[in-house]
Each structure stands twice: as structure tokens, then as C-alpha cells.
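Presented sequentially are two complexes of chain A, the first with chain B as partner and the second with chain C.
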Partner chain A sequence: MRSPASTMSYLELLKLALPEVIVVISALVVLAIGLTGRQRTAVAGVSSAKPPTKAAGTAAAATDWCSLAAALGVGIAIAAVLMLPRNASLFSGMLVITPLTSLFKIICLVLAFFTVCLARSEKSLRHPGEYLTIILLATVGLMLLVGSEELLMIFIGLELLGLSLYVMAAFDKTDVRSAEAGLKYFLFGSTSSAFTLFGISLIYGMSGSTGLAAISEKLVAAPAQPLLATGIIMTLIGFAFKIAAAPFHLWAPDAYQGAPIPSAAFIASGSKVASFVVLGKIVLVGFGPVHGSSAWHAMAAGWSPILAALAALSILIGNLVALAQTNVRRLLAYSAVAHAGYTLLGLVAGGRDGFSATLFYATVYAITLVGAFGVVAVVRSETGGDDVKNFSGLAARAPLLAGCMAIFMFSLAGIPPLAGFFGKFYLFSAALRAGGDHGLLWLVGLALFGSFVSLYYYLIVLKAIFVDQPSASAPPRDHVSSDLLQRRAVAALAGIVLLLGIMPDILAARILAAMS
Partner chain B sequence: MVPLSYYLVLSGILFACGVLGFLIKRNIITIFMSIELMLNGVNLSFVAFAAQWHALSGQVFVFFVMVVAAAESAVGLAIIIAVYRTRQTLNVDQINLLKL
Partner chain C sequence: MQPVATTFFFYFLSAVTVISGIAVITRRNPVHSALALIVALLGQAGLYLMLYAPFVAGVQIILYAGGIMVLFLFVIMLVNIERAQKEEQFNKQWIVGIVAALALGVLFVLVYMKGKGLFPQTVAQLPEGENTQGIAMLLYRDYMFAFEIASLLLLVAIIGAVVMAKKRI
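Showing the complex of A and B:
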């Protein structure tokens, strides 16, 4: 086991894992600030003559300091990622640094930053310091997931992310639905990780190793065995839960609807991006030799027909069930199922083209969804609900937000010149080119059909915003909530979506270059 | 020496019991225990494979699984308490506010 090459060098480990270390330290700092703030609030509440205002003021100040510390930590971590060496690998792939992992660490950190912005404005969270700490710990999970090519590390990253997200989903103790969302997410999530783990154990048993590259070497030599097939299927089922692909999507609508909005945004964005990066690495690097084929005229056993079936089911179920939704968050959840289906197309196509298309789409989708949840958060805080009817008359009330929501919805539907269009374009063209003789045409046709269907329900939301009269319960026109930060974050996200639509190359070319 | 397949069959049975319990039981605590049973099935198969390959990595994996399972039960029980406080029930059929 022990060889000179694999002896530990803690200094090097610290150097290469610096971004993660910084995020952990800032999580602890945020926790400390939150705790001292709370103690001071308690003291002020007991001693001062006018407790409510002063206590509220102190609490708000503590929230601000916590958010500032969290944002600062994320910013420093991004700088640290930029200063990492281009290529490095520690402990046979446990911590890998390539241009691709660095790029996606930055993307995860940016998503965390916007989630912190949303969380800063969320009034229902009683302990913002603890909440922000958990967001940062989840971010560490994302970074570990992205930066590892070893199944043990991937498992630990998944669990760190998962456990943080369960807590985030159940965080709002005053809301009955938050606890329920957390419970459902927890039960499904931990079952899915048990499935992944069983799959990993069988793969370990067949290959004698947990490093993806070593597994791939073993798979080339060994013929297909039933145990190996079981292992691969189990692992894929576990990941299908994580990316909310049908028929393993049942937790997603409940989690998206019941969880506090920043949590839902983070579950939908960061967790999804990292899961797709890892899933891509596992199937394309680890299981590369047992690719199989999902072309309609040449089906061959392997992981690609399984992913193709998941993609087809997700596109159909997600889009058709979304048509019947009246709650915007639930609608976004079912559309997320459909989008998971589109995103899988790139992995089915395989190769550098397919993987980069998948990563581009997952990133664009994540940015769009954080923005959409930001708009939902504002509407919810103003009207007290997030059904489609709560959005009626938003255009008259807040033109900027309405415009941003239009950008997000059109991008999700894939209308040019928005980022979602190019994401879909790359995915579909990669799928058409792969598999020879247009073998994946059936899947692309299905995805196009799904996109047309999806236009209908996105337009229903936009109709409520731009055409419908405001309902009686809506706040008056001049009611402007004081929360500028949230609106600015939403506007910035809309700007990014627009920018990536006009110049998709600034991200797409970067992903492609990082992969070579 | 007991052959490898015996261990694998036992681990498969444990895992299947866990899945079955997850699907048919209605009490949250029982469901929670079913998940732990699945993890233990996994542990058994890891240890068996580690013995077969004469490699430590499988056993190391088991330690990590046990630690994670402990963390998971901490988080899980906390969520279950939160649910019980708001709904006064542990039956999953009655936890149904979020529906289509």
C-alpha cells in the first residue's frame, strides 16, 4: 500500500485544498458572529426599556454581518481557486485539480454567493448565522464533489452536500410545510445514497479499486458480469435521485415547494450542477468501456441506454405534469425534471462534445433557476404566496422584476437569443452528431416536443405577470419593499442569462478548452 | 473459509429488507431504521470484497460509511422531531400537506 509517491504531504494538501479550507473557516466565522449576535439580542431584549425595536435592530445588524462574512469568504475562496496550479492530483485522484474542476468550483461558489444574497433577504429565517453556515458547508460539499475522481471522496462530498441540504430544507420551524419538505427530501435522499453506495461496493468488488481511472482499466479487461451490471444500475439510480430524473423525481416538487426559498434555489442549482459534473465523470471516465449504445437501430447494453430511458421519461413526465400546476414553485420543480432529461442527452451522446454541452446547459439552467427563485421570493414576501395568481399584475407593480422573470422563463423555454436556447442547441446538435447515422434522433425529437409543450406553461406564468389584473390582496402600486439587494441580485442574474445568450462562447469555449 | 458469495447473498438480503421496509412501512422511525439496514448491507459487502482483494481500502470505506450513517441519523432524527412538533404524528400517510 505504502509507496513514496503516496506518502502524505500535509502542506501540499493544505495548499491544494485551500479554497475548501477558506470556505470552512468562513462558515465557522459566520457561525460565531451569528451566535454573539443572538446573545446580544437576548440581553437587549431583557434589559432595555423598548426591547422590540432595539432587539430587532441588533438582530438585523447581526444578519448583515453574517451575510457580509459569508459573501467575503466565498469571494476569497474564488480568488484562491484562481491561484491554484493548473494541474495537480493528490492521493491517487482523491483531490484532482484541472482547469475543468477549477472552473466548476468557481461556478459553484458564484451560485453560493447568489444564494447568500437571497438568504440575506429571507425574513422567515430565525437564525441566519446558522443558516448561512450550512449554505457554506453545502458549498464545500459541492467543491469536493467537483474536484474528485475517487468514489470514496465522491461519496463523502455527496453526503456532506446532502446532509446540509436536508437541514436547509427543514430550516423554517414556523412553517409546517418546511419540515415536511425536509423529511421527504431526507428520506428519499438517504435512500438514494444507500443505492449509490451499494452500487459502489459492487463496482469496488469487481474492480478492486475506488479510483475512476483504475476502474476504467479493469472494465476494459473484464467481460460484462451480472454483478457489475447491477452495480452500475444501482449507482445510476442513486444519481437519478440526485438530479431528479423521472421516475426518481418524487421528492423534488415537495422539496421545491415546501423548503425556504434560498434552500430551494440552492437545491435546484448548485446541487444539480455538481451532480451532473460527477455523473459525467463517473460514466464517461469510470464506466467508459461499458458505454453501450442507445441508437434506435443499434441498441447495445451499457449505461447509455439506461440514461437514455431516464432522459425520455423525465422529458415526458416533467413537461406533462407541469402543465397541470398552479403553484409556481411546483411548476419550476416539474420543469426541473424535464430539464434534467434534456441535460442527460449530452451524457448519452458522450464524448467531449456531449459532456461540455451537458455542463454548459446545467450551468445556464442553475443560474436561471436561482434568478427565478429570487423573483418568487420577492413576490412571496409581498403577497404572501407563490401561486400563479399571486404573480398577477406584477408587471404594473414592479416592471424590472417582471422583465427579469420574462428573461428567465424564455431562457428556460429555449427562446433565442437567451442562454437557454444555446444550451439546448449545443445539447441537441451533440446528440445528433453522436451515435452515427442520427441514431439518437428519437431522443432529440422527443426533447424538441417537450420544449414546445413547456412553452405553454412558462407562458401561463408570464400571462399572469403581464396581462392579468392584480388581485385584491396585492399590495398597492407604490409599495416598494426596502430590499434592494435581492432585486439587484435578480437583475444581475438576468443580465448573466442575457449575456450568455448573446455571447455563449464566453462560457462554452471555456468549458471546451478546460476539457482538452 | 466461507465463500464470498455467501456474504454477498446475505448483504443483498439485508439491502432488500431495507428497501422493502422503506416501501411498505408507514412509521417514520421504522423507515429510518430500514435505511440504516440498507447501509449495513452495504458495509457487509464492502468488508467481504476487501477480504477477497486483500486490500484495506474497502474496510476504510466502511469506517466512512459508519461515520456518515451516524451524522445522517443526527440530522434525520432532528428533522423527525421537527415534523412531530408541527404535526403530532409519525405516520407518513398523514404528512401530506404538499400535494399536486
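Showing the complex of A and C:
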């Protein structure tokens, strides 16, 4: 009714949304396989109570089939993304296809693939079918977030992702900590998304549109007014929650520590990457005209000082609190807060350089963190815990994993030949160039200080792995339990981090090219 | 069609809504509260009708006053009411509550007095007959994609609720 573009055929929609459709179908298939597997085990358990090994065997087989179907679905979806047209837009921006969105859909799918790998090895999950289904539906949420330039669709994507992640965090019903993680994540998440929805409604009320491009056109004409500021701040709150930036990070330590490990890895990786993509699109495209300035000599109102404040707080709080942690997952959570701060630098700097630096760093960080959580999963299944002391002597027990963990930790700290270094380098140089006359120097200085501090706590983990002897009180169990797939996935992720460190251009140049 | 006695019906329906809303939180018997809530929701539906929004009014009656309230009543009848009635109904945070209510009230008055230019003043022109058709056009054509994705959201919610809530499945 409004535009000729909206009278399109359903077939065309199906064609352009094919990757999402494939992931949804594979989610339903996985659910069905999980259901039939359960019924068979239930029948076997009832009819012949004697051989429980057989029931366990069928359950394991069902898990395998579920994982296989999920992985297959993700693989086909990647192929479908590759076959999409270069540029297309549907429903006035609800589904946008550009090289950039296609690239990040693939990245999200790859992260989902590795999460499925981790989930297959997680023995404590009692309902693998449902778990994998929810991972896949969360992946659909990620893809929608990445591929939309319309606030309504973005909000629905956020909710789809959020709801899936709440369930994933609380999935392990045998563990109190998992319930705590789920509840905290849910309470914080639902409150912050309420704020975001209110902010979006204020902005819609002012601009009369939910499309980002249309909002930007309206904002050029509209003067800065309190209603706009309220709308922008409230909209940003939901995203600050999703990326765990500092005043909104309180859920992160408990969620990272208590949630099942694949869930924690997914929360830390896929959710973050997609949130940064969509946050960048909202502030740079939608709110572009009210950029403001956060240079120390020329502060001006806009969203950029807000993000700069969030970044500074995150870097300080994240790094300083991480120093005091004894649990590796909590340590990773606080370091995640700090990394959210670094990543925001690129958005504060703005422009193509800044945005691409942010996206590169978010991607590298996500890959690194999935790998680190993979190592944590192995250590946890071997020693029954994930404190720093559980890692002691890992180098002797599993040299490959120890080496991978060293790569991940050094990459997070930003040591030169690894991907994390180039990510930080791009971010800091983009921030230095932006904001005229080194205006963002204060933020870059703070980030450098934070990086030095962070080296200390990453090295504590590595010291436990390579130097400390395992305490006699906790003898390592047989390490047959960690299976081959998990180790291979971790090694592959470490390989990616190394490769991106040696040749960062294969991703960075691609992101830059996709943006032009 | 020109509406009759708009002002009278507006204040009448508002009064019904507010009074039954107060009854919801002051009745000790949860069944009475639930019944009062139904009256409040019906009053709201009447207000929607006065705004020429028959679809929203119908949904309000069918979904909220009908479906959800029946569920509420079922739940109330399943839990142990005798014990719930004896329990103290208000928690001890009434000071915090009063402060928050006052702050909100002051904000409301301030916005009402000073915020004349804050919101656009134009009055929406409402087509009289095509309201429901308009919603259908928006829902199934312009916003079809979002509508379909919302169904995925419900799927996640169902799976999550079953996995979380069932003791053993």
C-alpha cells in the first residue's frame, strides 16, 4: 500500500530469506530427531530395565544425529548465504542483503557451528535435541539482527536471541548455578529490552518511521531536544546490556560462570558480534546526524560521548575486577567487559575505518572466546572444576590444549603475532585518527593502560597451565572423557586465530571492501 | 456516525477501569481480584472502542478478558487459597514505594505543565470503517516478515517453558 516494493511475491521473500529458512527447518528437524530418540530410550528403559547401557547407547546416538543435523543445517545455510544476490532490500529495510550482512551472517553461522561442536561433547545436557534447537533458533536471531535496518525487526531479532539465550543459560537443571545464571540473565535482559523498546518508541514517535535511513533523514532536520536524547539513551541501554558494557555488565560474571559451557560460549561470541554489527548500524546509520563529539577539547552532545563513557567505564571496571578473580570463567567474563570497552572505541571514532575496526575486533574476540571456552570445557570435564588451580599442570597432561589456550590468552592480551594484536591496532589507530587533533587520545591512553593490566591476569592462567604442578589432592581423572571432536574444534579455532594474526587482511580487507 | 455523549462515556469508562483496578490490588480474596481485573479490562476495551479501534477492543475482550483471565482463575483455583489469604499482603517496602510513586507523580505533573512542545500536537485522523482492514494490511503485507519471525519467538518460548518447567521429561 505504501510503496510498490511492498507488493512482492512470497517466493521472492523465500528466496532472499533462504538461509534463515534453512536454519529454522533444521531446527525443527533436530527437535523431531531429539523427540523420537527420547521416545525410543524411554520405551527401552521401561520395557527392559536391565540393560541401561543400550538405552544410554541410543540416547548417545540420538545426540549424535541431532548434532549432525544441526551442523548440516548450518553448513547448508552458509552455502545459501553464498548464493544470495549481492544487494537486495525487502519490506523497506526489514531484510537487507549487502556484502557486509552476508559476510556477518556467515561469521555468525560459523560461530554457531563451533557452538554445536562444543554442545555435542557436553555430557551433562539431558535434552540435546531441545538444546540444539534453541541454539539454531538463536542463530536465526543473530542473522536477522545482522541483516536488518529496521528498528522493529531489530527488536524482534533481539528478543528472539535473548529469549533463546535465557533458556540456554538455565538449561542445566541439575546445577543451581545454571539456574542462577539463567535467572539473572533473564531479569537484567528483560528489563533492558523494555528500556530499549521504550527508546525505540520515542524515536518512532519523533521521526514517524522505524527504518534507519528514514530516521536519519528526519534527524538531520530536527534540532537536538530532550526527547531525542532520552530516546537515544534508552535505545542504547539494551545494546550495552547485550555487549556487557560496564554499568550494565552485572549479569555477565554469573552467566559466564554458571551457564552450560556451550551457552556461555555462544553468549560471549555470536550474541556479541551480532550486537556490535547492529549497534554500529543504529548509531552510524540511524543516529548518524547526532554523532556529537567525545574529543577532550571539544565535547559535544550526541551518542558518541555516551559510548565513550561506556567504553571508559568498561575498560576500567573490567580490567581491575578481573585481577581479583580465581575462577577462569569469571575472569573471562570481566575481561569480556573490558573487551566490550575496547570494541566500542571504533564506534566512538565512527566512520568506515572505525566501524570496520570494531567489526574485525568483535569477530576475532568471538572466535578466541569460543576456543577458550572449549579448553575450559575439557578441563572441567577432566578435573570437575574451572578454577585457575584446576588448570595447573595442563601442559603436561594435554600439550595441544595448553598450547591452544596460550594462543587464546595471548591473543586476548594483544601480543603481536596473534589476531588480537591487529584487532587492537586497528581500533586504536582508528580512534587516534578520528576526532580531530588526537581528540580521543584520552580514551586510547586508557585502553592501552587497560591492556597492560590485562596481561597480568591472562599470564596468571598461563602460569597455572605451564609452571604450576597439579596439586596432589586433586588427581586428574583419565582424560579419555574429552573426545576428539572437541579437541579438533579447539585446535581449529586456535588455527584461525593464528592465521588471522599472520594475515589479518583476509578478514579486515574483506570487511572494509564489504562496507564500501 | 457522530458519537453520543462522548465526555460522559469517557469518564464513566475511566471511572469503571480505575475503581476496579484499585479493587484488584485491595481485595484479599484472589478470585475477587481476578474478577475485578476482568471488569477493568472490559472498561479499557470500551475506551478503545471510543478511539475507533474496534479490532484492539475485540482482541482485548477475547484475549485478555476471555483467555488470559480464565487461565488466571484456573491457576488461582489450583493453588492453596486458604494459606495465601492468611499471609501478609503487603511487603515492608512501602516507604520506597511511596517515594517512587511521588517521584513519578511529580514527573508527570511537570511534563503536563511544561512539556507542551515535547510531543507533536497534531491529532491523528482516524478512518472510521477501515480500521480492522488497515491492521490486516499492515500485519500481513507490510510487516509480514516481522509477523512470521514473531511466531519463531513463540516457538522458542514454548520449548523453553516446557524444558524449564517440567520436572521430568
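Just so it is clear, the second predicted complex is superposed on the first by the 501 of 516 C-alpha atoms of A that agree within 3 Å, B and C clash if a C-alpha of one lies under 4 Å from a C-alpha of the other, contacts with A are read in each partner's own complex, and residues count from 1 in each chain.
Simple rule for what comes next: a contact is a pair of C-beta atoms (placed from the backbone, for glycine too) under 8 Å apart; a residue touches a chain by one contact, two chains touch by 3 or more.
The shown structure was predicted, so the numbers you read here are calculated from the model rather than taken from an experiment.
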item: Which of chain B and chain C A:V167 touches, first, second, both or neither; value: both
item: Partner chain in contact with A:G205 - chain B first, chain C second, else both or neither; value: both
item: Touching partner for A:E159 - first (chain B), second (chain C), both, neither; value: both
item: Chain B versus chain C as contact partner of A:F186, first or second or both or neither; value: first
item: Partner chain in contact with A:L441 - chain B first, chain C second, else both or neither; value: neither
item: Contacts of A:A492 with chain B and chain C, given as first, second, both or neither; value: neither
item: Where chain A meets both chain C and chain B, residue numbers; value: 1, 152, 156, 159, 163, 166-167, 170, 173, 182, 205, 227
item: Residue ranges of chain B touching chain A (in the complex, touch as defined); value: 8, 11, 15, 18-19, 22, 28, 31-32, 35, 38-39, 41-42, 45-46, 48-49, 52-53, 55-58, 60-61, 64-65, 68, 71-72, 75-76, 78-80, 82-83, 85-87, 95, 97-98, 100
item: Complex contacts: residues of chain A adjacent to chain C; value: 1-2, 6-7, 13, 17, 24, 31, 38, 90-92, 94-95, 127, 130, 133-134, 137, 140, 144, 152-153, 156-157, 159-160, 163-164, 166-167, 170-171, 173, 182, 205, 225-227
item: Complex interface listing, chain C residues touching chain A; value: 118-120, 137, 141-146, 149-150, 152-153, 155-157, 159-160, 162-164, 169
item: Footprint of chain B on chain A - complex, ascending; value: 1, 152, 155-156, 159, 163, 166-167, 170, 173, 176-177, 179-184, 186-187, 190-191, 194-195, 197-198, 200-202, 204-205, 208-210, 227, 253-254, 257-258, 321, 324-325, 330
